[in-house]
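Order of writing sets the labels: A, B, C and D. Residues in every chain begin at 1.
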């Protein structure tokens, strides 16, 4: 799809105007924010939803009878509904568990569902392109249960290697994979993987931390079982995330953390856990953050996730082409070279310049890119890299961002000549 | 101390003017907020610190090289320092672990320190006046380790019954008690309890969720080992809390949740955890919330915690006296009748009127009180109550709040006459 | 405080102060079901005897706020001696009343008229819908009753 | 981009492009210590031979950014052949340089004058203090060296 097609309904310039952070000046230059894969920049509507909450409605949720406690509860429970609609959860708001981020969501799956359903020899199949959030919790579970953690290899062209998948699926109880790689940009075939998992009698969990902000998400259509994502990567606030799981699965999961809110009863000799998503939400939840996340979801819905995806696709094609032609091979992209089934994450390997130095030099131009292993060390090892300098797009990105990126990369290349 | 003594340095009216929520009108009346024990109302400075963060400095922390990532990291790490100073942590910022609230802090103690140091037969001694946050995690640990969870009884005059404490301490590895009861208002003798615990070779953890917002906290002076509290109860944001522990203790604790940020290295066959507080902070932390919490701590420090405590003490004495004289016994206070070593939490038992109805009627007067078991069911059982209607003060409270409370309680009493 | 008057009708306060059918029934033969409202700690135990498709006796114990207590007391009066099919109909009508909430127009934009007369004095609970948090208090008894009916062994 | 020039002095780029003393030493007898900067993934291995209180040989392997690589390369040149006591003094002076950060006045308000000449070409790393996140890159080699010296068995 060409940029022109969306122009009537979606305007990246408008998104940019809505985003206060993009007025920043850094080292004498207007900011060029290319780190949305790390954390996205919230629009004014999200920031104001949070302020408005604290100024007008703040109270602890649940168990309140007074007016503002009801308002706070309505905001909090309303956020659950907004999110359920955004991902098309078949069971609605009751399937939305608030966590503090993708990482906590995976720990919840591992320690609640995993500890209850997996034992020695059972296999959790992840992939070599997973973020640590979808690796370490399984290693931790392995320590206590003796499960096996197996890895789907990644091909030389940066895709999941599914050539041997039926073999890999032996003994697998859970297939847990990312919807979109935060290093490579690779978009994985989730609906297909769900079919494979179910055919083998396994469940499938999807790390949607990246994908949910850049592609339309429909858990009903993709037929997955668990979905985890973070507010701060989808124009929302820090401190909040989501675990979605099918109602039947959630219903049988034991509690995760213990405390107030997640119980029906506590005696000096034991406790009875609550039903529904609150069973997994011990303690005072992220209430203001839920208001912010609901605003983010409304904002993204108004943009239209298909338009966001198409816009970022256009930016990615343009950037891939120009990086190739400008630097004739001195800047290598660690990720699929063709724009098919890939998102706007560009991991750069600049010949002779360490990613740390790339990022430092780019900062002088106001360009924000992130150097490092991006919490995906097994993937870095797979490709023999210690780090990359990663540039990534958001709905507010423009081709002019790529212009500045290329200008600054030119300086890096010439400085280290 | 009389109100007049603090007037020159501390002004509750100024705090009120600083607090946007207190401009709310509810059911045609100005709001009378008496639910600070549930959640406190943040001043404008806190709300603005959060907005300013999102508008000017937002980026993911750590591993960033670009300017705004450094700013965000400086804000986040600066918050650790502000909090360390606020509680006088001997080891400084390295002892401050960010969690998402008191509840998560206790789960962290139980699952990291507890799972590593406690085994079958070891005793965790809590009290009958604990919040579920300091009970359920121990019950959960009991399921996996076979520890014993023992309760310090509460006397008929609502104090910890320490008459038999040396007997109770047998086999105890951890004494875990609240600094101030969220139901009774009772302030516990923490320094004395620390002495007892240490004399018996045990450690002491303190639930400071209530106390930290109403009394000066000094972990060095009280000589405790763990301290847990929540941002939203100390004029700060939701979604963030703190676990403080002595550096030597933290150094030996295994990780809690797994994911990015808490590792040194991840391979396909295992992982190496990081050192310092980040070992316990898996995933993107509550960054904006840390900015808000630092602002809250600065705000409270400027007020002076001793002034806050004295002000609330005065309000409490006044309210206890007037509730007694106005309702001559029809309104009973579930908590110490004398104002000695008690905070501004007034759990009301109105003869013949269920707490739910009390709160409903009070709401018509714009009065916010919370009915329920306040996540302290063992305590409610101890006193044969299903619920109380709890009124609680904050630094912005005035005797005029007590006026409205008494007016509205009069209606409740007469309606159910 | 006209709002409060909608909630705390005299008949409600009367049932709260003088609850009907308090007590227990030997179980078995009675069906015994516990209801619980975790939000406010209300607890209700319903004892139910059904013979030949008729609710021959009902007793209640537990504790709760005025709304949950009055609602259960009124319920016990309304269903005692009634045929089970009739009881189901009353439960349905009660729940319908509780779901009206702020809606006053139906899908076609016509005003919704609920014939409260068929509910007898239970209609006094209609004011609860203006206080959404209290709806759970009012419905606790009815949900527990429905559970008890489901637990009655098919005759 | 004058700021960048402070950071990327020609001598630094030279050490980065042509690192000195790369390689390994048989261990034992050499002490082998790994240094790690989790923030950027830099890894450094220092091999150290100390005889009679003198650093007789040093080799480095690993990978990292220009600053960490140049710093380790310069360090190896600076310490090779030096007495251990002298090496400790160089480490101290280097660390002092890295902690100056934005401070330019001492406690008495006098300008701090660090005699960079005693550091030789290492002084070129002084510009790093203007880039606080990079300080860890510059100090990695020195911390690892200090660790290696500590590991040398007392003779």
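Everything below uses one rule, namely that a residue touches a chain if its C-beta (ideal position, glycine included) is under 8 Å from a C-beta of that chain, and two chains touch if they have at least 3 such contacts.
Nothing here was measured: the structure is a model prediction, and the numbers come from that model.
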Any chain in contact with chain B as well as chain C: A
Farthest chain relative to chain D (centres taken as mean CA coordinates): C
Length of the line joining the C-alpha centres of chain B and chain D, rounded to whole Å: 46
Chain A and chain C, separation of their C-alpha mean positions in angstrom: 46
Length of the line joining the C-alpha centres of chain A and chain D, rounded to whole Å: 39
Separation of chain A from chain B, taking each centre as the mean of its C-alpha atoms, in whole Å: 32
Where chain B touches two or more other chains, by residue: 27, 63-65, 263, 265, 356, 360, 371-372
In chain D, residues with contacts to at least two other chains: 39-40, 134
Overall pattern in which the protein chains touch one another (line/ring/star/complete/other): other
Pairs of chains found to touch, sorted by chain label: A-B, A-C, A-D, B-C, B-D
Interfacial residue positions of chain D with respect to chain B in the complex: 36, 38-40, 132-134
Complex contacts: residues of chain B adjacent to chain C: 27, 353-357, 360-361, 364, 371-373, 380, 386-387, 411, 415-416
Of all residues in chain B, those that touch chain D in their complex: 62-65, 70, 263-265, 274
Contact set on chain A toward chain B in their complex: 20-21, 24, 26-27, 31, 35, 38-39, 41-42, 46-47, 50-51, 54-56, 58-60, 63-69, 100-104, 106-107, 110, 128, 131-133, 135-137, 139-140, 151, 230, 232, 237-240, 255, 257-263, 265-268, 270-271, 282-289, 356, 359-360, 362-363, 366-372, 375, 377-378, 381
Complex contacts: residues of chain D adjacent to chain A: 1, 3-4, 7-8, 13, 16-17, 39-43, 63-67, 69, 131, 134, 137
